[in-house]
Every structure is written in C-alpha cells, then in structure tokens.
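Both of the next two complexes hold chain A, though its partner changes from chain B to chain C.
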Partner chain A sequence: MDRSLFRITRSGWAGLALAAFAIVILPSISSRFWLSVFTSAGCFTIAIAGVAFMYARLGMVSLTQVGLMGVGGWVALRLNYAFDFPFEVNMALAALTTMVFGWILALPALRMRGLYLALVTLMAAGGLEIIFATFQFPNGGDGFWGVQTGSGEAFRRPWIAQSPEAYLRYVIACAVLGFLLIELHRRLQPGRAWALIRRSEAAAMAAGVNVTLYKTWAFGIAGLLGGGAGALLAGSLGLLDDGTFRASESVLVFALAVVGGARYWQGAVVAALLYKVLPPLLNNWGVDADLAYIIFGAGLLHAVITAPDGIAGQIMGAVKGLSRRKERADA
Partner chain B sequence: MLEISSITVRFGGVVALNDVSARFDKPVNGIIGPNGAGKTTLMNVLSGFVQPSGGSVSRDGQDLLRLAPHRRAHWGLRRSFQKEEIADDLTVFENVLVQIDNSRTPMAEKRAEVERMLDLVGMAGRAGKIGADLSGFERRLTDVAKCMVGKPRVVMFDEPAGGMSVDESRELGALIRRIHAATGAQTLVIDHDVELIREVCEDTLVLDFGRRIAFGPTADVLADPKVKAAYLGTEEV
Partner chain C sequence: MRYGKTLGVATALVTLTMAGQAMAEASCGMNTGEAATGDPIIVGGIYGDAAPGDWSSSTDSAAAYFACVNANGGINGRPIDYRVENDQWNPESAAQAAALLVNDTPTVAMVGNGSFIEMAVNANTYEEAGIMVMASACAISECFETPNIVSTNQGPLPSNLGAAQYAVEELGATHTACIGLNIPNNGIWSCGAVNDFMESRGLQGTSVLINPGAPDVNSALLEAMASGADTILINQPAGIALAILSAAEEQDLRDQFIWIAPTPLYDLSVPEAVGDYWDGHVYVNAELAPLNLEGPDAQNWVAVLDEYGNDDDPRDTFGQAGYLSARFFVDAMLEMDPAQLDDRAAVSDAIRGISGYTSDLMCGPYYVGDADFHMPNHAGYMVQITGGSFEIVRECYEYDSPYFEPHRALEAELGLN
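Right after this comes the complex of A and B.
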C-alpha cells in the first residue's frame, strides 16, 4: 500500500482542525437562525467543492452545479415520500442519480471547451430551472411528481441528527467526506490523468490517458457532490423551493468558487461563507444584503486581475511566506 | 520494423504529406526537413492526432491507424512533444507514473520501473520535485523517462534538443542512443539539429514540401545534393 496516499499535509491538518471546531464548538454557540445559515453554508460548501474541483483539476467551467443540487434534492425528497428508506440511503441514491445525470450532461459537453462548455452547462441549468419551476419539488403528494397543495409530511432526517445542532454536525462531517473524496482522487490515477489533461489533451492521449473517460468521471464526481449537497439541503429545510436552484445561482456559485480559490479546499469554504453567511450578516448589521453582490463583484475582479488562486491562494501564500521567514530566523 | 506506406495528408487544399513511404528497421532513426516539410504532421499521423486520407502504418503486424491515440500508447507508442508536456503540479515520479497507470502490472512493479528509468536518465534524485520547479532540461529528461517506461515499442521525439545548450544536446543524444538497449524500443527523432541527427540516427528520412526526397543511412542522406538543396536552397541562375 502506498503510504503517501494517507499522508496528511499541513493544509489537511488545518482542515481537520477547522472541521473539529465546527463540529464541537459552532453548533453550541449558534442561535437557531445561525444554525440554519451554517447548515446551508455546509451544504453549499460540498456543491462548490465539486464545481471548484472541475475547474481546478481540468480547467472545465460548469455552470450547472446548483441545478445538480436541485436534482439531488428532488430525488431525495421523492424517495423520502415514496419509501421508508433511511436518510442515508435516500442521500446516497440522490447523489448517485445526480452523478449519472452529470455523466449524461458530460456527453455533449465533452467535445467542447472553455466558453462553449460553459454555455452548454448554463443551458442545462436553465433547463433544470424551468423543470423545477414547472413541476416543483415533491412534498408528499401522489403521482410521479409527488406534489400536493399545502404542506405534507415532515422530511425524515438522519436518526443520529434530529436536532438542528446535530444536523449541522452531520453536514460538516459529510463536507469532510466530500473533500476527502476529492483528495483521494487527486492522489490516485484519476488525479494524475486530470493533471495531464489540464496540461494538454494531446499529451494526455500520448500518455495513454482516455481523455473522454476521465472528463466524464470528473463530471460524475461534481454531480455526486452536487446531488449529495442537494439531499442534505432538503434534509435541512424539509422542503425545497425552485427559487433556490435558478441558473443564475449556478453562475454565482462558480464565480464565488473562483473568488474563494478553486485549487484549495479553503476556497470552497470561503465561497460558501460569502454566498450563505455574508448576506444575513449584512442584514444583522442593518445593511442591505444586496450589498453582498457588490462585494462578490469586487472579489471577482480582484481574483481575475491579481489573485488567480483566489482568497485561499492568498492565505496559503501568506502562510508559506511566514513559515519561510520563521525558518530563516531559526537558521 | 516500423513501416509507413503511402501516407497522404490533406488540410483543405494543402497537401501536407504526399504519398510518403519508409521502412524503419534500425534502432534509432531520424526525420529531417526544412520548416513546413511535414515532419510533425507525420508524427501526428503516427500518434493518431491527424487522420491521413490514405496509406498505412504498421509495426509487428499491428495496423496503428486503426487504434485511438490513447490505445496506441497502451500498445507501446511513446511521444515526446516539441515543448515538454510535464504537469506542473505533479512530481517527477508522478509525471512518469502516469504513462503506465493504465497497465495491469502490480503497483510495486510500476513504481520500481519508474525508479529505474528515472535513475537511468539521471533524475532519481529529483523524483519528489514538482514539475513547476524543474529546469527545461530536467523537464526534458523527465519526458524521456516517461517515454521509456511500460515496455515501449516505438519512441518518437519531436525536436527534443530545441532550446538546449550544446552540452545538454549531447547528453540528450547519448540518452536517446541508450533507449533501444534499455527498452528494446525503436526510436524516431525529428530535429533541425543536423549534428544531433548525424550523431544518433542510423537511418534518416528527409521530407520537403510533404514529399520524401531521401531515405537511407544518415551519412549518405546528409551528403545527398537534393537534401543540401532542400536545406540551403539552390542558386538562381
């Protein structure tokens, strides 16, 4: 067994420490409102990790991620009302269904790159937005779509995470698993293949890499994470609303992944905090939450012009600079 | 023996390769020609990146043109590009390992083979460095090691000595000559550096405007008046 596969980097330890803090401390100091906000941020962290992973590993721009969350949420809700499966089974099936959806989406998109790929995925997000707006999300009604007027039965949460505090812990644990899944791929054969594809598709083919397979694989992982995040969001809110899964939200989520820093796990966390925590924070301070959009725009300009690795890249750069300075001082 | 028969490539109205044939049976072979002669196009045909409108390429009874590009690599075709295609965020070791990732050989054997080839090219001490931290020559050496793993049958170099110093070019030439002994693979080298070709290649194919103008032992080919005319031009009278 390759020991380097299980090596924990400094960044990994920092992630585990943050997760431990978020699991142990955060739920006990948060009000009910902030528990809900942090849980949503946790769900979006997972989804953003998926879209950031595709961009960082393969240079592929996917503007469907929030739509894919919607697919996962829809499947989880449908299964919840149709069967008596535990939450974990519903979530796993929702994630797997969305992964297959990601593969299907990948088929036409594989021949395209850059702007054209982004446009194809944006059109898919637009299509999903229309489907969600037309058929709504299941709430315990009859038939395939499972929609009824008025509120239905409550959504079943995991038996170990019935309270809001426990559910936030559960979501954070799932986010950690999502990051570990990405990191595991990065350290194994797919990660090497993706690195070479990003360098040059011709070089990847010359090295025996099946470019179509590995690009499809990446779409599948992004779908899996998006679907899982959608199921978790459904578990958090109990019901889903089509307004959450608009195509414009997918664009915003991708932009924030760039602002946060797509190459780093910290980038997904920063992006989710900006997306879900900043607006209510501004509201709390008596400032119009729409100001967040101006901050996002400024952040995006900053990332595009001066910080291609985003806020996380700048933090990592500063940490490296400090440790180098310390090493020099010690020497 | 690598046999190229009547390869023709057209890009719209331009005939990039016109009925080119050659039988490479020596361990190290060269392909030379002035700019636009069709050398890289021929390499792209062999790699599967360009589909010829006619002709065939075979080695050991395998029609290479029937295989997808990545399947040619699995079969044993290796290609080094004009610009070393080394992933910046992979280590030297990983950059080489990716070439045999698809192989069903146990991982321990794969790792041992990568280590052996890195040692052979003189990069064993830098195996843990990431691509971004390598010099141009180190990147090229990594590329050579990549071409040597996984029991290659044909290794192709497209202007490998571009941008190198004389010493580096000489070292690279010596390394290319050792590929056959180390792996059993046949090597094809494209380069403008006639000295490198003279030093390492036994047979050489010369292309000009997509046509074969000479093929045979390198010394004879380089002395051929047609080849000199193609490189240096002819005096207008």
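Right after this comes the complex of A and C.
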C-alpha cells in the first residue's frame, strides 16, 4: 500500500469534490431550515467519523461518542461565558479537554475487549447523561457550572461565520480537517500500529508495539473529534440541552456508523445524513419522522447480515465493479 | 298548582337555555358565515410533543379557532394558513422549526406556541426576525422575560406562586417542598420563586429537582419528606404529577402533607385518574377560568373545538390559552389596515399595541405593550379535586409577589389598573 503522505487517492479526490460542493454550492441553495439541518449533520459527521475510525481501525466499540460531544459542548459553552476567547480557541480547548477525557476513560476501559469494552463505554455514556441532566449546560451563570435561570448573552460564533450560510461552510471545513486528521494518522506510524493491533494484539506486542499507548491514542482522537463536534453544535444552537446527549443517542450513532460503513469516510457522511437529514425529510413528505428509526433498524440488520462494510462499502464495491468492467471493455 | 306551572315553565326555560348553550354555534372573527377565499395570511406555531409530555393542546385549539375564522369570513375575506411544527423537546428540532416557520416562510406572527424548549432556543431568532409570538403554553422564563414573546397562560412561576399563596393563607402551610423539573429556566426558576415567596412570609421553601429524561418520583418524594416540609407542591407536567401522586398513595402519604399543584394538573381526566384516595386532598391552581364556568368565551371555545377541532383535542387550560391567543390575534388583525396584513413589522406593531382585551377566561385584562418582558396573566383560581371533579375553592385572585412589580407598573402606564 502506498503510504505517501500527500498522495490523494480517488476516494480522496471524491471527498474533496464533495467538500467543495458542500462549501460553495450547498449553503447557497439551502433554505434556513435546511441550513440548520445540514449544520447539525455536519457536526455529527465529525463525531461519527471518530467512533467509526476506532471501530474500523481497532475493532473497538465505543458507545459514548455523543456523551463526548456533550463534554466538548459543555467546555465550549463554559469558556464562552467565562472568557472573551475567540470561538476557535474555545473549540480547540474543548476538543483538547475532551481528548484528555477520552484518555482518562480509555485507561480503565482498555483492559476490556469486545462486548465488555462496549458495556464500559455505555456506562460512561449513562454517567455523562446523568451529569448533564443534573448540572445542565452553562448558559451564562456564575460558579463552576455556570447555570442561571434565564438566558445569558448570545454564544459567540466565529467572526468569519456569523451567518447560517457561513457557519455551515465553517462546519464542513472542520469536518474536512477531521477526516484529514484521521487519514494522516492512518498513513503514519499509528496507522501501522493500529493495523497490527487489529489483526492480533499479541503479535503487535511481540513486534514491539505499545498497545496501550496506541489504543489510548485512538480514544483520544475520537474524543478530540467528538469534543470539537460538540463545540460546533453549541455554536450552531447557542445553547445545549441534556436531551441531545443521552446514552441511547450514542448507541444509535454507533449503529448508524456501522450502517453507513465504518471503514470509509463516506460511511460517516451517510450515517450523519441518515441520523439528521432523513427525519426532517420524512417530516417534509408528510410521513411520521419516527419511521426513520424503523429504517435505521432495517439498515442495521442489512449491514450485519449482508453488508459488513455498510452502505459506503456497497457503493465503493459498485464503483470498483464498474471500473473493472470499463477496464475489461477497454482491453 | 300555579306554583307548579311556574316551576315547570322555569324548568323548561332553563333546559332550553342549557340545550342552547350546548348546541351553541361557534362564533369567530367576522362571523359572516361565509368561507374566506382570498390570499392566505400565513401564521406559524410550534409545540412540543415527545417524552415527557405532549404540549400540543394550545396549537390544537388555535388551529380549530383559525378554521372557524376561515369559515366565517377570515380576516377581511382572507383565510389564515396556520402551519405548526413539533419541536420534539429537542433544541435542534426547535431551531429547525423556527428556521422553517420564521426564516423560510413569510409568516406574520406565531400563535399558540406551547413548549419547554423552543422559546429558549428561538427567543433571539424571533427578536432578529422582528416577529411577535403570541404563545399559549409557556413553561420557561424566556417566554416571559424577552421582548417578542407574550403568553396567555401564566407559566409555572405565577401558577406555583398562586398555589403556594393559597396553601399559606387557607391551609396553614409553613414549609413547601417544590418538586420541579431540573431545567434551569423551568423548575429551578419557578421553584426558586416559590422559595422566595415563602421566605418573604417568614416561612420556608425547599426545591426538589428531578431529571425530566428519567424522572425518579420515589426519590423525589423521599427528598421532599426529608426536607421537613408540610406541603408538597407538584410542579410537573400532568404525567409525572400523576406518577408522584401514585407513588405517594402507595406509601400512604396523603394525610402527612398538604398537596398542591400548578395548572398542568388541571385536566378533567385527572380526578378519575387519581381515584378516590385523593378525593378532597389535592388543590390545583387554574391559570384560566375553570372548565365548568360558562362565560361566553368558555362556551365558544368548546363550541369551536366541537365544530372545527378533533375529538381528541384536549379540553384543558392550555387549550383555552391557545383559543385565547388565536382570538386576540384575530381581533388585533381585524383592527389593522387590510393593506398591511402581510407586513410582519406592521402585524408585530399591532400585537404590541394590544391593550385592555378582555375575556371571561382570564381574571384580568390581556395586553402586550412595548416591553422587554410580558406576563399579562398573573391572577387565577384555585380548585380542589373532589367528587370525581374539580370544585372552585377560591375565585379570581391576584398573586402576591414582588416579581410582578414591573408588570403592574406597565399596566399602570397602559391605564389598566
């Protein structure tokens, strides 16, 4: 496999083309309603990319990704009301804090594997849900928790992204950076270590790979992406509510990452579109948006039974098949 | 014999009157009896329907009233196109609902909104868009403390204060435990106001907060008992309130406390739901006229729902509030220059200009005014669950709290008191 750092694959070109379309065209043709929907989808794309990458590269099931988004959102809100930092600083600090949180969560969890690891992360998500419900999200109040009755001043968005259109572009640009961060890791030393760990932890250890370090690293990256996504979501809405970060949402997000296809960047996009765009689309068509959950369930069954690489894997398989046919026809 | 004849005639007259009331035709807007056929005027509404509660009765009643108005000449011949969205108790959905109804659609106003979430998310959107929201089932502080939202219902703060005031003055309460939702702008805000009220009377108040996502009513009851309170104020949506009463019944706590609640428990299905155990032991504040009163608007609301609503549209206080918001909105629109009915700014000015509207459903006048806060409704009734129904135990009374001082000053400015 060519691991040249700056080589752009066909899939990469497709991603950049999609990002260019999403940044240049999508905001211009979307109504305010769809801008809001796509912005949410963009935030969750980043978070889903984190959880999908952990599953695809290491086979680790994390059921706490939406909880990590909540941690990032909480930190971003608290910093916004406590200091006059620009949005980018708040977001970076929120992402780094969540990364550290991810590490702390990972250290005891890494003794577990498979189902037990999933259960530990699910319990962490449950704990975060209770903390968010009990202490709520900062809204401009005093003290550590920063909660007051009534709303505080509006949340400060990036100075280059004040309008909904510009904010959607900003979120998409952040999502691209998130994917590039994952790809960068995949092509460097951590990617090789993760590939070895995924095949066999014993073999990886025998080869001198620090399994604990690289697994913790992966949790940290997932936390970084989740925290950044939470900060972006806070910037989109101006406030956060504990109802958004329930443990059940983390389970759903992981399931959708599998349905979308955890091995491919397209899978995270498909999962976020299913999660955030499908329900309002059904609603617009006059169909009960709860039907989306039935579709998610059917999609998960389909992925588990016949399409382990998810929808993105099927799309990539179809594209490869067409390419081969074309090559044969040309020959 | 003559006496018997007179009695018979009187009985017949009363029966005919009652039958007339029961069969009363709905009266709406211009009341022409002819359907409006002009270009529609678009009006929006947002409600919250998801766990832990359904807050759609206000938009249901508003929709029924607008349907009635459309069948009776509309607004100078133009029908109202009423579009509603569900915020699903979710901030993202709430923001998307407002983006759709306020930013993407030329709505002239929002009417009948009922939610725990959307006003906090969308208050700035409404202000930036210059649109007025005539809400009806408000439960959070932004509904009453922002410039572009005004509600016909009182919200938890006044309704709780009214219940606590009654308990202190009539039932001898000395220490209330307010079981509220752990939402800063709802439970913490409204229970805090009750605690302040109790302290202002030299008494004691305690807040007990529960998670709306996973309400543990037994823990809440235990915490309330441990506080040493003699009065339990159930500051909850009806579903959770019933669960608390059920848990208290299992522990046979009825006679150890005075039980009071704000308006959400004022629903005609509640007396039957709580059963005989609670008969005569639960006192509920009603933000609007109790449902057994038969003033003109009270009757008209029922007639409108019967004729233009759905059978399952709730007949509760928030339904009354939705009807009232819609009625006041239509009255204000009918007073406007017909050429300006599509102008959001002109409609917003007309709504801000509302002053001194009255209804038998409200204890005081309804007004809006140009202010950063709006709470026109701060007087109500107290009712008691008894005999499988509700009985009025205190007629219209003003709530006694320093919180209302700026509101009373505004009313004085508008010449309303």
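FYI, the second predicted complex is superposed on the first by the 328 of 331 C-alpha atoms of A that agree within 3 Å, B and C clash if a C-alpha of one lies under 4 Å from a C-alpha of the other, contacts with A are read in each partner's own complex, and residues count from 1 in each chain.
Just so it is clear, a contact is a pair of C-beta atoms (placed from the backbone, for glycine too) under 8 Å apart; a residue touches a chain by one contact, two chains touch by 3 or more.
Just so it is clear, the structure is predicted and the values come from calculations on it, not from any experiment.
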Legend entry - Which superposed partner A:A202 touches (first chain B, second chain C, both, neither): first
Inset, instruction - Considering only touches as defined above, state whether A:R32 meets chain B (first), chain C (second), both or neither. - result: second
Inset, instruction - Determine, under the contact definition given at the top, whether A:N210 touches first (chain B), second (chain C), both, or neither. - result: first
Legend entry - Partner chain in contact with A:T149 - chain B first, chain C second, else both or neither: second
Legend entry - Per-residue touch tally on chain A - higher for chain B or for chain C: C
Inset, instruction - Using the superposition on chain A described above, determine whether A:L240 touches chain B (first), chain C (second), both, or neither. - result: second
Inset, instruction - Kindly classify A:Q189 by the partners it touches after superposition: chain B alone (first), chain C alone (second), both, or neither? - result: first
Inset, instruction - Under the contact definition given at the top, report the residues of chain A touching chain B in one complex and chain C in the other. - result: none
Legend entry - Interfacial residue positions of chain B with respect to chain A in the complex: 47-49, 68-70, 73-74, 77-79, 81, 85-90, 94-95, 97-102, 107, 146, 150
Inset, instruction - Could you pull out which chain A residues touch chain C in their complex? - result: 31-33, 35-37, 40, 129-130, 133-134, 136, 139, 141, 147-151, 154, 164, 233, 236-244, 246, 276, 280
Inset, instruction - State the interface residues of chain C toward chain A in the complex, per the touch definition above. - result: 89-92, 95-96, 99-100, 103-104, 117, 120-121, 123-124, 141-142, 145, 182-185, 188-189, 192, 211-214
Legend entry - chain B-touching residues of chain A, taken from the complex the two chains share: 2, 189, 192-193, 195-196, 198-200, 202-211
